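Below you'll find the structure, written out as structure tokens, and then a few comments.
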Amino acid sequence: MSDPTLPAELAELRDRVSAFVREVVIPAEAELGLGAPSEELRSRLQRQAVEAGVFAPHVPEDYGGLGLGMFEQSVVFEAAGYSLLGPLALNCAAPDEGNMHLLHVIATDEQKARYLRPLAAGETRSCFAMTEPPPGAGSDPSALKTTATKTDGGWRIDGRKWLITGAAGAGFAIVMARTSEVTRGQGATMFLVEAGNPGFQVVREIPTLDHAMIGGHCEVVFEDCAVDDAAILGEADQGFRYAQVRLAPARLTHCMRWLGIARRSLDIALEHTRDRELFGERLHDLGLAQQLIADSAIDIEASRALIRQAVRVIDAGGRGGHESSIAKTFVSEAVDRVVDRAIQLCGGTGVTHETLLGRFMNEVRAFRIYDGSSETHRWAIARREARRTVG
Amino acid sequence: MSDPTLPAELAELRDRVSAFVREVVIPAEAELGLGAPSEELRSRLQRQAVEAGVFAPHVPEDYGGLGLGMFEQSVVFEAAGYSLLGPLALNCAAPDEGNMHLLHVIATDEQKARYLRPLAAGETRSCFAMTEPPPGAGSDPSALKTTATKTDGGWRIDGRKWLITGAAGAGFAIVMARTSEVTRGQGATMFLVEAGNPGFQVVREIPTLDHAMIGGHCEVVFEDCAVDDAAILGEADQGFRYAQVRLAPARLTHCMRWLGIARRSLDIALEHTRDRELFGERLHDLGLAQQLIADSAIDIEASRALIRQAVRVIDAGGRGGHESSIAKTFVSEAVDRVVDRAIQLCGGTGVTHETLLGRFMNEVRAFRIYDGSSETHRWAIARREARRTVG
Amino acid sequence: MSDPTLPAELAELRDRVSAFVREVVIPAEAELGLGAPSEELRSRLQRQAVEAGVFAPHVPEDYGGLGLGMFEQSVVFEAAGYSLLGPLALNCAAPDEGNMHLLHVIATDEQKARYLRPLAAGETRSCFAMTEPPPGAGSDPSALKTTATKTDGGWRIDGRKWLITGAAGAGFAIVMARTSEVTRGQGATMFLVEAGNPGFQVVREIPTLDHAMIGGHCEVVFEDCAVDDAAILGEADQGFRYAQVRLAPARLTHCMRWLGIARRSLDIALEHTRDRELFGERLHDLGLAQQLIADSAIDIEASRALIRQAVRVIDAGGRGGHESSIAKTFVSEAVDRVVDRAIQLCGGTGVTHETLLGRFMNEVRAFRIYDGSSETHRWAIARREARRTVG
Amino acid sequence: MSDPTLPAELAELRDRVSAFVREVVIPAEAELGLGAPSEELRSRLQRQAVEAGVFAPHVPEDYGGLGLGMFEQSVVFEAAGYSLLGPLALNCAAPDEGNMHLLHVIATDEQKARYLRPLAAGETRSCFAMTEPPPGAGSDPSALKTTATKTDGGWRIDGRKWLITGAAGAGFAIVMARTSEVTRGQGATMFLVEAGNPGFQVVREIPTLDHAMIGGHCEVVFEDCAVDDAAILGEADQGFRYAQVRLAPARLTHCMRWLGIARRSLDIALEHTRDRELFGERLHDLGLAQQLIADSAIDIEASRALIRQAVRVIDAGGRGGHESSIAKTFVSEAVDRVVDRAIQLCGGTGVTHETLLGRFMNEVRAFRIYDGSSETHRWAIARREARRTVG
């Protein structure tokens, strides 16, 4: 099942990433246990990725990366995502990867030098502080409660953020705060806040179903958090617009990485069923197992096809909002189904921690909720469809 | 929702086809009633398609067509499929379209002159006589019961075929018959049999759920049907291999056309819900309607993405067996779901014949069965997946 | 799979009905073709049902029936529903069966003598004229547009009704009309209007997907339709309340009858697969067929269990609104799935009219829409659930 | 939504159990953390259950229980299952509850005095040692590898068992071992083996997705494990038959308990959505949330109806094999769906451990695999259906 539609160079890079994941990353998974990777493991894997020539595939060459477009990323990130540790090793994991993209598009040269360069090099980590505990900004950004108030020569940020991935240990945060009255797509501003700022505290790591994100999912508090004017990312009051810049690509890179876990899950199940018999037949020849296998193959192929269609739109200059919304909804649900079927195919073994499948089940569950829940996306898709034919 | 990934020329052609369907084909649907199109309607629409410059898009330019590759076909056939009559108007309906492809690839120049040229021009119709009534050749081609026996200077064909689309009124049939012992992919031969042959009888049109195919779905009998050696299409005993040549592309062109009906169905439902209120809200703003609309939009987008991925493989020189099998399984089921949800969105109106939706429901139902049922495809997909990781 | 939970007498009656359906009703199906039964066929079958002692099982013994409670009806109606003609033969088909129930509960003795007695005896038919073309009363009864205006000694009814099942040839209609301002559950009145009334016209039979209902699904017009005060069924302005009396049981008896068709469909498919082989195995031993069979068996059993739970509530004196709403939603969708899987199991044969399955597909489709669409029921179920835990 | 079909006494008992769970058990859940309950917690809750008059509802009155039949159990166990700790508190948790049933039906009076009495009183715990690591006995009992060899005056058991729930700390095990050639339903024997036996070792608790079972899911080894003849439960070579005695009821009591968790999950989600707004509407009034809520309500009602139908069959003297198989398949899948939708309804909160839902997701996952996986049940259901109509 090689793919003749890929340019040879891209296929070669993908194979290189796959080999790196197989030979370097997967053997390191044992160090992960049921918890998060250590900073030491992160650094070591990233060094090895640099050596293997697969580091920072999405980063512009000026900043030390491979400078891939989104279509190319879709191929490479899926290969990296075959291990929970793969994206971290390639420095293309969330939230850093999305933040690099945002900084690349929005930041001043000075900001790029100070934040993007070390981030792209894996010398620091970052977080994206937008979501707030209910009833604050979640699916509905207009509910944003964190404020930034103008002071002499700068701003004072106050508010509470929640489920901020990677915050513990991050070198800086990109923070969304309300700077004037919020109306359609106006009124919020993004700020760059550094870890040492005494007004910025990570108050706890929230216990969640997933465990693989370095720096956890944290609650963070901004209290009398003073920053100067240069901390503004882009222009004041345009934060929602910039969030859109990050949103569609970040959704899609999530899809690419999780699709790798889906493919891995099916492979684990195929490996398992190849060795087993039931009622005297090889398990994967039994019809009900065949249904599970085929449905997962279809889900994986449809996911990949939707991702590719969406990234082609973006690579061609489109915004890809509708396409990425559809892809995200389908892929996040498909990945769950594939992992679930893999568990089912492995029977009793599938619900022990003797395979990684139970862990995967917990790692992927939240993807149907973050970056817009399936319900929010369906609502938006339906509204766009309803408007579509009016004209 | 324009698609920036399409070349401008292709987008222009698609728009031209869409305009032709909207302005010429859809107004003619009223003549269809609940039955099949007449030959007169076929000729008239095809003449208009020639005038509009959209006729025979898949046919090589040498034979009077637009010479599109499969990717381009995927865009154009979907636009044509927006009406049940569209593919007929463009002369890219089943089974003729697949037969043209087969003749183009396999036939001798003489055969092309005699069969392909008038078929491509819409001067005649054809059928593909492979399927047999149970327990003959259906999903399992090795069960082939129709035989062709060598005679002096020719062959004698005997057997019964079933569900042969378009047979009534077809100018010729491509007939699959057993010519030696059937082993893996060997032993069957394709013959070109003309309508006037006294050994070839269309014995009845089988009443089926669908009604839109000109020439129906027929039972045909070959009894002492004499043909000469020049009637062999390609080489003797290689019929199964040629069937594969036709199979993957024909599956995909079915998907393209039916996807047009899916899009049409959703549009009918959106049109309906735009005008209606329930509990004081516009129907398409109600949440449960939004779920139906969004799920259909996702199904359509995923179908299109899978079709495109499969045709890109074929355009790149791959066989596309696995990809087309996955696409066919997904699309045939997705189209049914989209039509079904459209009926649901239209409520009481949806189950009357005041919309076309009930008819569409009946037209598309068989697509989950012919060209390999969903179950046969899933079985094959699972087997390929199981083998995949052995190596 | 006999059912030890049934009282012996009830099991015996069910077996008697099953035998009657098998021996008398199913042989008569051939007369049905693809259309509706004739009045002659109805009379003949009903005479035979009387002779077999299975006529009018739901009708009180005073009116010539078997006087069954709802639980008993659930067993007998399913057995009758095994043929499209079974409920008609037993005189327990919609809409007459629901109208008999309504008349029994609401009508005056005089009205019962005039309308219920001949209806119960099969001497006449009736219809229930509530639904109006959009934007009139459908899922949302408060949109009722038909009016009844007080006149000297009576009322004048004006309005248009739509999808009125059985109207063509019915002896009388039960008509819902607005008699004062419509507020929650008030303001509408039910009237008994006889066929000869010059103000009551059946203007057309609306072409629909289904064909088995005698008297079709009609558009009817009331224009200056004069009735006297004795035509009021129950009290004025209480029509919505009475509609509720009819609603929950009528939903459930629909479920019972259609469940019979589901069971019949699975049996047709099992019969088909028993005789067929694919890849050298009996078709029903193939895994993917087993999935279809098992899922249908589960759907049938769950449908029956939900129906029984709901009728037990009603037999115990409960209203059964929530239970019947849940049962209706599940059963209407399950029946469709079972019929659809049966078609899939029959392959090519399934989409011809050589089995009854294609017809069943068209007959059952509307059940997810009438008596409250799945969406309307889900909306109501969710609202009840949301209120449930408030207290 | 009170249930008028329940006898008053049973409704009163259910309400008592619900009150006990709400007032005593749920407050103790905080002690559980993410792990298993301690023996101290078990003893304390069981003492409180005795005081509340709800202890051991399924145990015959002679042995200190409430002597409920299966229908009554279905009502009470669901109420107990509303907390993960409820069944433990009432001493009706797996595997003890199923073992009590088995001992009651099969054991000698002496065995009952020694094993059943203290088990029913909560003075000890037990385990059921049947499943073996692949390729041993799992879905396919004929693969049984553990042997018991006749010795002078007794037997010697050798083998390895796997995923034996509750083994750590259990006072005794019921062990299935091969005692002669295994043919259809013959050749295996059940033995009672006590914890102190030096030939019986719990070698490890297998890490699994779920954590709530006291005594874990263990690997146990029998090595030269000597027992005397009185250790045989029932007759030699009849172990498979006895396993059937335990099987259908144990499947159903699992369903009852997990249905309680499903109801709890929906209630948690309803509680959450009642307090939240999105886009200015109460969350549970939004349509896409309504779909999730309604589908869960339907799943719960259908689960309960299937359980009730199956237990009525058993209470009426039937074996209930088919009915319990169907109920188990549906309920195990429905419970997962309900928990999953509840997480979705809670959004970001749903994937933290601030609700119990993530834990529930992990606790219920294995139920689609143990006691016969969904695939094994579907295979069996389809075979019974296929045989059904042969006669």
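As written, the chain order gives the labels A, B, C and D, with residue 1 at the start of each chain.
Convention: a residue touches a chain if its C-beta (ideal position, glycine included) is under 8 Å from a C-beta of that chain, and two chains touch if they have at least 3 such contacts.
Keep in mind that this is a model prediction, so the values were computed, not measured.
Engineer: Strictly by the touch rule at the top, which chains does chain A share as contacts with chain B?
Structural biologist: Under the touch definition, chain A and chain B have C, D as mutual neighbours.
Engineer: Applying the touch definition from the top, give me the chains sitting in contact with each of chain C and chain D.
Structural biologist: Touching chain C and chain D alike, sorted by label: A, B.
Engineer: Determine, using the mean of C-alpha atoms as each chain's centre, which chain is farthest from chain B.
Structural biologist: It is D whose centre lies farthest from that of chain B.
Engineer: Where does the A-B interface recur among B-D, A-C or C-D, taking recurrence as more than half of the contact pairs being identical by residue number?
Structural biologist: C-D
Engineer: Taking the mean of the CA coordinates per chain, how far is chain B from chain D in Å?
Structural biologist: 52
Engineer: With chain centres taken as the means of their Cα atoms, state the distance from chain B to chain C in Å.
Structural biologist: From the centre of chain B to the centre of chain C is 38 Å.
Engineer: Of all the residues in chain A, which ones touch at least 2 other chains?
Structural biologist: 286-291, 378-379
Engineer: Please output the residues of chain B touching chain C within their complex, sorted ascending.
Structural biologist: Spelled out, the residues of chain B in touch with chain C are 131, 134-135, 138-140, 162-163, 206-210, 217, 276-279, 286, 288-289, 292, 343-344, 347-354, 358, 361-362, 365-366, 368-370, 373-375, 378-379.
Engineer: Over in the complex, which chain C residues touch chain A? Could you list them?
Structural biologist: 286-291
Engineer: Which residues, counting only chain A, touch chain B once they are in their complex?
Structural biologist: Counting only chain A, the residues touching chain B are 1, 3-5, 266-267, 270-271, 273-274, 284-285, 287, 289-291, 293-295, 297-298, 301-302, 304-306, 308-309, 312-313, 316-318, 322-323, 326-327, 329-330, 377-379, 381-386, 388-390.
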